[in-house]
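Consider the two complexes below, in which subunit A is the common component and subunit B and subunit C are the respective partners.
On to the complex of A and B.
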């Protein structure tokens, strides 16, 4: 049923089959566009187009499970839960680097840039948020994608109980701190409390 | 200097219409999205592909097609005498432009709009035919990365010395000052992508060298396709194993990340 194919290889006549992922139509042929194995699947019974679908499957990565949205590059979408590392801070917003989307690591070396704006840090008293009391560079935060943002970065929000800082290092010893309330984390050896917008993790 | 002896043999013992031994290897560099090594006799070129990813500079972004960036560097130890080579000298710039334009023709650039593809080429050993080896390595790396393309591509050179058309010139023959033709060719579409000629050639000489180079492309392409099919089979076998392992897992794959407090 499957045979190895290479880019440019004609698979079937374009009248007989539909062109699926990994193929394209050149003249009257459906042609492979990537290296992999060609697979023909019959059309669904209720489909308008009764021709079988030809696709080329790339190996060995089993795509389609990264975000549950079909294969390809892992891109954050609105509503996705992401983990991000804080890079830079100013009184209005923090810049961070998205390292995982829906629990899957982003493989792009540079990651994606995200921004948490002051009004998106928490749900209540949003005007009184002090960014420096909420995040610091090197914190790892859990956030939701609010919008695709501007050209450079995604807008993220931490305005929910389960969102916020999940890992922060102690400014004194560098060891991971322990959350004590939704606004504070504590250094385990010096017992000093530091303020953060802490995520509630079960 | 005598490039073709009375017996009809060249300096390295080949017949005029013989290529050197070709060898290729896919996924040579695990850190990249796709990579390949192409060897042509003593010439050895490594290509690595990163991407497609978001454009590093938003100002360079193309709204309707893929942005291809190509960088060629020669290793200090790549030629007979050791020499520290600066990046972006005239020769490597010209080579990277050639490779880039060949790639742009053969990938389906309109499918990957607003993204960027980086192709880095490292020349490990240069013994003539670097241009051909660089294109072949780049094509293999792109296929390995799974970038959609219209067709595969192969490149080969031919020259004309001692009134004889010679296929796949080596370093000594490239220094002979005769005309030299490089052809990049898509085998399935039967389409010539690029031709570069160095030194002056009459129409007659050019046509003979061009025909010979095309034959060389077909030889290179046959070998590359065999190797790629072999690699595809290997990947397929790996995929079957992965799928089987996934089936065995009892659905507790997506464990929530917990933090101990």
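On to the complex of A and C.
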């Protein structure tokens, strides 16, 4: 295990490596910007830039682990997969609260808000989407971050098979419902089907 | 030249510095710094969504909010709450400027990082201890910084000719002039210099050099404390 690095400490020569998350370039050096362990990943075979990527990862680095994100704080970024809880809904969009980014829970106090707009709910017939038949408050959805969005919110999308509602409670008994198709979920006690934009969970 | 100091130090000797990180469990990062009897606690929270107003949200960078409080029991003698409020505001803005040169706000767009520091006991150089504590707490919180910021004060009891490093409270009160330097030791860049009193170019230069040597000591103490806190 290599020694931990701290902000301001030079890691490698900037000609040899690319600067990844948690690092920055100053003069001819790649310098650590956060506290943690430096990790060097070889460039992909088809990449134009053949230099390996250097990043600094907070917490333990498992050899061969490519999932841990470099850099310091956990913020949603474009392309990230997030879990969000639906808060409010209107015919054009739903507001939700992001609770996890790439499988990691975010801090309760951070309060990152996400919006799924009507055109981002599903991939086909996007103008015929009925928001109230897709989501309801208290549903937990899996979504991808489309953009940093407006002042308040990140824009999210559920327009893929594996994205959509992953957990919804029965309006009758409050139990978790089971998915029956990509558009319906069923209450296990009353056998009543309710419509949702259901995520295909493996 | 030897100047007798109230705690028996030599003119260019710092007080013992103690740094401990991870002292507030709810905070994203926290640090406690002691310069002998000067004691400061600092917590960093966030990044969290938003800022003070919806119009002030910036898309390419985040915000750093700094709030420094002087505990009512921080100083001995009568305490004027009104004057303390002014001191706190000035303090906060100096600490904010010292840190904002180092914090890479472009890494947390649209969000705010809060820094709350409390001076528990003020026995001279509390500004330096606060800057050091805040920079250790930010580092522990994983906020991207160009370097750790250390700070140190050089002051002259008999004017700029007899410089003292890291003055204690009595020496600070007697000093006619002082320089507080916030310095990024690894980069060799100053992020904030506050000079009070009358200086000429040469003696100011000496004082800044002296303060920079103190910053190096603070930097070493911060790095040692932080390095031992990194999980293997």
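Remarks
By our rule, the second predicted complex is superposed on the first by the 130 of 202 C-alpha atoms of A that agree within 3 Å, B and C clash if a C-alpha of one lies under 4 Å from a C-alpha of the other, contacts with A are read in each partner's own complex, and residues count from 1 in each chain.
Criterion: a residue touches a chain if its C-beta (ideal position, glycine included) is under 8 Å from a C-beta of that chain, and two chains touch if they have at least 3 such contacts.
This one's a predicted model, so the numbers in the text were calculated from it and none came from an experiment.
In the superposition on chain A, A:179 makes contact with subunit B only, not with subunit C.
Once the two complexes are overlaid on the shared chain, A:138 sits clear of subunit B and of subunit C alike.
When the two complexes are overlaid on their common chain A, residue A:166 makes contact with subunit B while staying clear of subunit C.
In the superposition on chain A, contact of A:201 is made with subunit B only, not with subunit C. Once chain A of one complex is fitted onto chain A of the other, the partner contacts of A:148 are limited to subunit C, with no touch recorded for subunit B.
Common to the subunit B-facing and subunit C-facing surfaces of subunit A are residues 4, 6-10, 22, 24, 26, 31, 33-37, 58-60, 73, 109-110, 112, 151-152.
The part of subunit A that touches subunit C in the complex is made up of residues 1, 3-4, 6-10, 22, 24, 26, 31, 33-37, 58-60, 71-73, 75, 107, 109-113, 148, 151-152.
Contacts from subunit A toward subunit B in the complex involve residues 2, 4-10, 22, 24, 26, 31, 33-37, 57-62, 73, 103, 108-110, 112, 151-152, 166-167, 178-179, 201-202.
Subunit C contributes residues 28, 45-50, 54-55, 57, 59, 102, 104, 107-111, 139-148, 184-187, 223, 226-227, 230-232 to its touches with subunit A in the complex. The touching residues of subunit B, counted against subunit A in their complex, run 50, 52-54, 56, 58, 108, 143-144, 146-152, 186-189, 225, 228-229, 231-233, 235-236, 238-239, 241-243, 246, 254, 256-259, 261.
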